[in-house]
Amino acid sequence: METLLEKIKDRVNANFDLKDYKIYTDLKRVDLFFNKEHIPSVLLYLKEQMGFRHLMHMSVVDWIEEGEFEIIFFLWAPKEKVKIFVKTRIDRDNPVMENMDNIWPQLNTYEREFKEMYGIEFPGLVAPEEFILESWSGPPPMRRDFETDKYAKDNFATRPGREDAQDVRETIAKRSGEDIPDFAKKYSR
Amino acid sequence: MYNDKNKQKIVDIIKNAARKHSLWVLAYGTGCGAIEVPATMTSRYDAERLGVRGAATPRQADVLLITGYLTVKTLKRVIRVYEQMQDPKYVIGFGSCTINGGMYFDSYNTINQLDLYLPVDVYISGCMPRPEAVLEGFGKLQELIGKGIANGAQQYKENLDFYRENQKKVIKNWDFQDYNW
Amino acid sequence: MDIINIILVIFFAGALITAFAAKISSIVQDILFIGTILATSIIFFLNINTNTETIINLSHINLTLGLTPLSLYFAFIVFGLAVLAGFYAVGQMQGKKKKGYFYFNYLLSIAAMFGILVSKDLVSFFIFWEIMTWSSYLLVIYNGENVQKTGIKYFVLSAIGAYSMLMAIVIIHSLTGSFLISDLISGFNNMSANMQILIPVLLLTGFGVKAALMPLHIWAPDAYSNAPMSYTAIFSGALSKMGIYGMVIVFLTLITKLPQETLIRDIIAWLGAITAAISTLWAIKQDDAKRLLAYSSIGQLGYIVVGVAIGTPLAMLAGLFLAFMHGVFKSTLFMVVGAIEKQTGTSNLKEVTGLIRKMPWTFIAALISIIALAGIPPLGGFVGKWMLYESLITSNHYLLVTLVFFSSTAAFLYCYKFLFGFFLGQEEKEWSHVKEAPAIMVVPMLILSLISVVLGSFPQLILKPINSALSYYSLPDTYNNLWKESMIFNKWGDQVALTPIVYGVAIVFIVFAVFLFFKNRKTSRYVTTKDISTSGEVPKEHENLTFKENFFQPFLRAVEPAMKRQMDKYMLAFAKGLEDLFDFTRRIYNGNGQTYAIYAIIFVIILLLLSNNLFS
Amino acid sequence: MNILGAVTTFLLAFAVGMTYGGLRRKIVARVQNRYGPPFYQNFIDAFKLYSKSTAIHHGAMHFLGPAFIMVSSVVSLMFIPVLTNNQWFPNLNFQGDLIFLIYIMVFGPLGMALGAGQTGNPNSAIGVTRGLSQMVGFEIPWVMALIALMVQYKTTSITGLLDIQVQSGHWFMFENPFAFSAAILASLGMFRYSPFDIVGAPTELASGPMSENGGKFLFVMMSSGSVFAFVKLTLIVDLFMGGASNLIILVIKTFLLYMIPVTYGIVSPRYRTEQSITYFWGWPLFFGLIAIIYAVFF
């Protein structure tokens, strides 16, 4: 298994310049880090040449401290039963990623989602209409610097007396004069 | 708006007596609460013995049962469905999400308080309310109908602009025609 | 000079003048056209006389013309439809080209039908028959589209009919030495047995083509759907009845004298029933309203043939009554299609939707005619259907009646497809500009649908002339034992009284319509067809909420085995086989239709051979 | 006909049909191990529907469609003898016969189709096409059964067939059992309970043709359905089970007859459309043929 993963890594490394990699033998998985511009060729190579035909998922992580978005493609080789996570970083201020739904058509769905949720631009992405957020005005809600609490307070009126959705148990405990046990305290706000 | 039993006419009393015992429910299964409705209808807690049965389309329904949280997207559909229903019509808010947003109180896309957008006759609290609670809620609604004070639809008609204002504040792309009753 | 000659002369003269009046002006042409029809029909209806005979003496052949009660009954259909469809045609031909051509052939075919009805000898019968065939042929190829496909079919099958009829006439003359129909009837008994078989078979072949009987029906769908609708109303309403007219005479006079009477009757009746069933299934499959109605008229003619072929008094009543009713409602429906085609530019059921609020009067005419077609009480179609079923049951044709019932129940499907496709369903933006058809087109439809309403409660208006026609051919008098004022009986004495039915239906309908409508008229308001329960979604403009594709697909899947084989394909295959067989003819004849022509000649030769070898 | 008798017949049919519907709901509930609604639940529902407001309509045919359905039910009710001694409800019994009845009974589906057509709901149109197709299916064995009776007893009038049974004392369900079984199998389709509930298929077509009809429209449709159920049951009782001399016997016979489609529906799921068409061209058609042959030769 070790050797297989190593072989995969070496084969990729031979063709593209691999920034970094990590191998999890027990998980039968290799993480490969690339620069953003290599991603389409890498994905195409992995799909066509190395039998990673199945795109399991595409995900975005908001590294707000580094000011970067990390985009991850989860690939799966049905024959060898091996996972590959292809990772890349893009700039957080003008997030632009290449549109790759011609490699895997299902990427279109993910890209539409991230376009709305993270504001990542995919040039040439065909999006017939809004995907999840209808007529959304405001910052992309999945970024970490988006204060969802404030946004909710501004837009959706909350019921008077329940502004801070406080723990009901405290109220009940106060009302009936008993105190909350310690194991429960650490769950209450 | 409030008219109690001794203000009702005889014919109203008869009609309400019929209405309270035949509630055709249009269950708008938006949230997780939809899973409690089959349990309420089927053989363990048989809601049909109270005259509660499912309706296929809004035109035939009396009760709009909103099970759980409402995102802005679904709220639009719910409002259209409610306005397609024919008088007399009642709304049951189901679960704490409809009361104060529940666990979605700070979500960026779910409304917190249903009765700003639709006239709710009965709230069923809980997350999730068990079928017993749902039957309790239906019993409460029947009691209100019998008294003739379950007139949320009338309330909606009378201060429509209030509701419209709230709805339009949340729903940015307001693209359907006005109410039809 | 006798009245019949006057009418014919007016017809031919009017046809010629109308054809060349285009030089003067189009209005004059219309006026001349209407004037000719009106003049002839007024003259005809003013002095109806069934016992005059006029003899036109050609070189040594006398053409004997005269009216019989039966031909009088059919003349009612012809002239009534000619007048109404004439007015409609003036409306429909506005701004069309080749008006003179159309009017000329129209008048000519009306004249030919009248001639057929009044001719008492076979020569004039044949001459007028050919005039009718050719004028209708010229109108079938009126719009000049795929003439090869449709025109040739019609031409060849008419040729088959004409050849066999001519042969029959020649044989009759060689046997009896006279062309008179009366001599044929009187001399039929002392013919040889195989001639007694051959002559009716040949004649029935000739008539069966026009009546679109089962193996000879393949011309009808294309011909009906290609002719201008204002003529198709005549074509399906009156011209096809000429075949029925001939069949009635053959069955009443010749077949009754035969020893194999019941066999022939059953064969023809089964042919008619199978025609009805198959063409009904095909009508359900169609998406073009013209073809749908064309197949449906083949089916209706099938019922009529069944009634005529069974030949008990009740069955004859049923057949002739249905002939009249079919003339009424089917021509109305063809007119409806013509009006819609004029207003929207297409007659495709998949494209046009939701015209009920745009063309209400047309919808009313279509609704009434559809209800009459479906045979639902209390409209006229029901009376004919009732008499047909009762006659079949009382004359022990149980499986036949089941087959006929199947086809007339399946007819509801295409009835609903017609109504829903044009008038009901989603109102689309594309047709929001459509206006009601001009009055000159709408009024004839409404008059015709009014007739089918009236006949539902007062069938005696039609049953009386039918009765006199039948008694002329020495059938027992049916008054008082099969029908009496507005009551109809069967042989077992079971009755349907139509007037109380009409009253009952009317009372209940009005009560509940009032209950529903007039209580809610003020409170409720109209909402568009976009405002329907689409589970909360707001339908956008481009969203398609119309259900048109694969209408009745489950039913068609269920009846698929019956629709696998097509008579059309068989004939083509036969013609193809002939092509391969006589290879040298491929140098002389080439092309699809020509092989049909060979097939026609070969068919007739085969008939001759059969007649000489088998029967003698 | 006197109006009073007609109205009495209508009310009787309405009450009986509604009660049977309620009892069916109760029975289904008990089979599903539920308590079930009270047997008078349908009356409450009907009154509630009547008292609902009708704020919108889709045009003229939307109003007239339910009226057409009611015409079919009520007129066909007027033409069948409710009781054997026709002094009681002799509405129009002698004016029409079976062929007429068959035709007036298909008037309803056409009216329903027109009413549903104008609402423009695609579900309604799909349901209507299914209903008409299914009608073609079950009309054939039904008509064959009736033809068998007609040719066996040389009359086509309902009262005639009824009187023959009353005088001879033999029920036709024993005289010609094949015709009876064909008619029963056809009536399964007529009642449109499952497995033949493809028209208003719940959860699939959103109640099909009546999906746009609430309030009074639905009230009229519901009541005409109840009347029509009574009509069908009484017709089969008159034709095959020797009629009924008083109301008690009528109720017993019709209820026993009604239990056949109900129980068959409880235990069977829904057919696909073409299955529910071709179902009637299998055994029911065969029984119909046998019935005609039996009637002709024996």
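Note that the chains are named A, B, C and D in the order they appear, and that numbering of residues resets to 1 at the start of each chain.
Methods note: contacts are C-beta pairs under 8 Å (C-beta built on N, C-alpha and C of every residue); 3 or more make two chains touch, one makes a residue touch a chain.
Here the structure is a predicted model, which means the values were calculated and not measured.
> If you average the C-alpha positions per chain, which one ends up nearest the average over all of them?
So the chain nearest the centre of the shown protein is D.
> By mean C-alpha coordinates, which chain is most distant from chain D?
When every chain centre is compared against chain D, the largest gap points to A.
> Please report how many Å separate the Cα centroid of chain A from that of chain D, as a whole number.
Each chain reduced to its C-alpha mean, chain A and chain D end up 60 Å apart.
> Could you tell me the distance, in whole angstrom, between the mean C-alpha positions of chain A and chain C?
72
> If you average the CA atoms of chain C and of chain D, how many Å lie between those two points?
About 35 Å separates the centre of chain C from that of chain D.
> Please set out, as single numbers or ranges, the residues of chain D touching at least two other chains.
Residues 53-56, 206, 211-212 of chain D touch two or more partner chains.
> Which residues belonging to chain C are in contact with no fewer than two other chains?
Counting only residues that touch two or more other chains, chain C contributes 525, 527, 531, 533.
> On chain B, where are the residues touching two or more other chains?
Expected reply: 57, 59, 76, 180.
> Please output the residues of chain D touching chain C within their complex, sorted ascending.
Residues 1, 53-61, 63-64, 66-68, 70-71, 74-75, 78, 92, 94-97, 99-100, 103-104, 106-107, 109-110, 113-114, 117-122, 125-126, 128-130, 132-133, 135-137, 139-140, 143-144, 147, 150-151, 154-157, 160, 206, 211-212, 216-217, 220, 272-274, 277-278, 281, 288, 292, 296 of chain D touch chain C in their complex.
> Please name which positions on chain C make contact with chain D in the complex.
By the definition above, chain C touches chain D via 354, 356-357, 367, 371, 374-377, 382, 385-386, 389-390, 393, 396, 398-399, 401-402, 405-406, 409-410, 412-413, 415-416, 419-420, 423-427, 490, 492, 494-497, 500-501, 504-505, 508-509, 512-513, 515-517, 519-520, 523-527, 529-533, 545-547, 551-552, 554-555, 557-558.
> Within their complex, state which residues of chain D touch chain B.
It comes out as residues 25, 29, 32-38, 41, 44-45, 47-48, 51-56, 202, 206-207, 210-215, 218.
> For a test of understanding, state which residues of chain B touch chain A in their complex under the given definition.
Going by the criterion above, the answer is residues 72-73, 76, 99-101, 105-113, 116, 166, 169-173.
> Taking the touch rule as given, give the residues of chain C at its contact with chain B in the complex, in rising order.
Residues 525, 527, 531, 533, 535-538 of chain C touch chain B in their complex.
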